[in-house]
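As structure tokens, here come the structures.
The two complexes that follow have chain A in common; it is paired with chain B in the first and with chain C in the second.
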Partner chain A sequence: MFEAIAFYLFAIVTVAMFLIVVFSKNALYAMSALAGGMIFIAAFFFMLDADFMGVVQIIVYGGAVMALYAFGMMFFDTTRDVKENIKDKRIIYTLGTLSFILIVVIMSAPFISDHIKALYPSLPGVGNPQMVGYVLFTKYLVPFEVAAVMLLVAMIAGIILVSKKMDQSITTMPEVDKKIEAEEFDIKDAK
Partner chain B sequence: MITLTHYMVLSGILFSIGMLGVIRRKNLLMLFFSTEIMLNAVNLGFVAVSKYIGDLSGQMFAFFIIAVAASEVAVGLGLLVLWYKRKQTIDLDSLQSMKG
Partner chain C sequence: MCTTTGFIIETVIKLLVILLVFSALAGFATYIERKVLAFMQRRLGPMNVGPYGILQVLADGIKLFSKEDIVPQNSVKPIFKIAPIIAAASAFTAMAAIPFLPEFTIFGHTVQPIVADINVGVLYVLGVMAIGMYAPLLAGMASSNKWSLLGAARTVIQFLSFEVVTGLSIIAPLMMVGSLSLIDINDYQAGGMQNWLIWSQPIAFILFLLSGYAETNRTPFDLLEHEAEIVSGYATEYSGMRWGLFFIGEYANMFTVAFLVSIIFLGGYNPWGFIPGGIAILLKVSFFIFLFLWVRAAWPHVRPDQLMWLFWKVLMPIAVVNILITGLLLM
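And then the complex of A and B:
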């Protein structure tokens, strides 16, 4: 009973949050709604007895990824509304509705295979974080190490990409100002 | 009683919301947000299956998806900042440089 109430409550709130992300014109509102939606997804993970995944979701998505987006948005002008040049709305919404129906129908199909069996079943009396530790550091050790190297590569790539021309201000770039001035002069000359 | 189908349908709904965002949005930052929604929807599906089959593989897969998503955001935002410095816009149409 409580599970059903929690499920429907969090389902409605999560869908509402993600709809705000997709339809909001303001980038800041979209980011805040995305952060909220991530936290509500973590609530589902706790309901599904995946405590470790829930905590990782809150720390990585609610914390790290959102902080990264917040830092990234300092580079862009976020106070203005996002202007988007959408050419044909009818095609977009038709395709969106069709794919929505298709995906939901596929997902709601029942599992009829009898051959699905647990490869790494949970042991009785062992908590979820401990069990995740056992499986992660035995069967999935190599992917885990590869993921660590991948995160290191991503970190270095992020630093290298953003730190280029860090000493220059993007909003007041002298060469861009000169270019704009030259173009204005050209227009005046043409007149 | 909440069954696996409930979770799978919710996962599908969230995934389609993300996909609608990917189709609809023209701002690259908003496109990033929409891909995050899609990745989260898939994670939810994986963890739900993992619970109802009693197997931890689904949770492991979701864990690695989170790692990939985090590194994707780091590299993607770096490229986005670089593009904004060059073109002063993050509109998707500004990426189109070939005439045709």
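And then the complex of A and C:
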């Protein structure tokens, strides 16, 4: 009974959150709802006795959405509504409905045809984190390592892209000062 | 059905006790903080309300409750109102997986002083505590105030800095214990002071403590509400009980970090010589709360760029090397 109550409660809340993400025009509402929805998803992992996945969901998406806020802060005035420039609403609605139907069919097909079964059922007496470790480091070792290497590559690429003049402080660069002064001069001229 | 009902009643009682005890302790900790700071700075601190100013907490509480509740006109109002609730709620939710005391028996009924003994306790506590950083972020971004926005930007910096070191520093002791449950970690250190993990993992202990200070926004890493630079940071526009919730959240997080450090590195609630376990952990936690206040009296703030430099360029490599050495020794 408790599981049913918890499931429907979190299902409603999660869907509501992601609807806000899609339909809200305010970037702050959208991002906060996204963070909330990601955390509510963790509840489903806890209900399935996948404690480890639930906690990882909270930690990983908590940090990821936080980085999204940083971008929102840089590019928008988050307290105002974003003016959306939509040329043709019909295309968006058609594509949205089609992809929605597609995802629902893909996800529900195995349930309907009853072809779903656990490839690696958890062993009795082995905890959830241990089980994740066993499967990850035996069956899925190669994909796991490849994913790790790809993340490393992405990190190094990111560092190289932003690292120009990283050993200097922008506040002590005379050419930056000159550039700012020139820009201010231009603005005064324009006025 | 009877056991289910009993379980529900027991859990509700535990939740209420934790909520009430730590809300009260948060208030009392403000009094202790002002007294300790005052003595370290050769002042008297609060003296007028009650003997030695001990009723100052009540006076402050009355002031907070009866203050006018201001919501700025141009703020994003729902988010502005939700932010303080996130601070307090996440701080108390994180406490659900902490074993506060050893098992004890009351009226012939064995009580485990932990709300939910999930087998990923440490990760759960750290993850939910980190979610608490959303409170200053949302508060700062919703207030439409430049100081608040700067506070929010600093929140992101701080979050992205300490999160890495918290995770990496805790891995080394967890590798030795082989479990993520705080009760298992505590039991691993049973049998006296020489079995405490601080002796085998001193570097991890220091790293974890440092990132704990960043996680709770305490000096020297309290750059979110740095009075001298950004007025009050994310809390500039808040008043009354909304501000009070941020405050309760911060102090509840201090207690969580103190309990975590005591359990993971200092033997938790195992008996300590002739001292029984329950009192031993309270002594350790009190010491760490005092250390929080001591550091606040003794150390200056750091700048945001210094914070990032410290966590990414100094502490993170040390943590990785520590994991590597621990792994080699365990092999």
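Basically, the second predicted complex is superposed on the first by the 119 of 191 C-alpha atoms of A that agree within 3 Å, B and C clash if a C-alpha of one lies under 4 Å from a C-alpha of the other, contacts with A are read in each partner's own complex, and residues count from 1 in each chain.
Criterion: a residue touches a chain if its C-beta (ideal position, glycine included) is under 8 Å from a C-beta of that chain, and two chains touch if they have at least 3 such contacts.
Treat the numbers as computed from the prediction; the structure is a model and nothing was measured.
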Requested in this report: State whether A:13 touches chain B only (first), chain C only (second), both chains, or neither.
Outcome: neither
Report task. Answer with first, second, both or neither: which of chain B and chain C does A:154 touch in the superposed model? Result -> first
Query raised in the report: Touching A:73 in the superposition: chain B (first), chain C (second), both, neither?
Result: both
Query raised in the report: Which of the two partners, first being chain B and second being chain C, lies in contact with A:52: first, second, both, or neither?
Result: both
Query - In the superposition, chain B vs chain C on chain A residues touched - result: B
**Report entry** Partner chain(s) touched by A:99 [first = chain B, second = chain C, both, neither]
**Finding:** first
Query - Contacts of A:127 with chain B and chain C, given as first, second, both or neither - result: second
Report summary line: chain A positions within both the chain B interface and the chain C interface are 52, 56, 69, 72-73
Report summary line: In the complex, chain A touches chain B at residues 3-4, 7, 11, 14-15, 18-19, 21-22, 27, 30-31, 34, 37-38, 41, 44-45, 48-50, 52-53, 56-57, 60-61, 64-65, 68-69, 71-73, 75-76, 82-86, 92, 95-96, 99-100, 103-104, 106-108, 110-111, 116-122, 131-132, 135-136, 139-140, 143, 147, 150-151, 153-155, 157-162, 164-165, 170, 176
Query - Interfacial residue positions of chain B with respect to chain A in the complex - result: 1-2, 4-21, 23-27, 29-30, 32-34, 36-37, 40, 43-45, 47-48, 50-51, 53-57, 59-60, 62-64, 66-75, 77-82, 84-85, 88, 90-91, 93
Report summary line: So, in the complex, the side of chain A touching chain C is made of residues 26, 28-29, 32, 35, 39, 51-52, 55-56, 58-59, 62-63, 66-67, 69-70, 72-73, 78-79, 127-129
Query raised in the report: For chain C, which residues are in contact with chain A within the complex?
Result: 74-76, 78-79, 82, 118-120, 123-124, 126-128, 130-131, 133-134, 137-138, 141-142, 144, 149, 152-153, 156, 159-160, 163, 167, 179-180
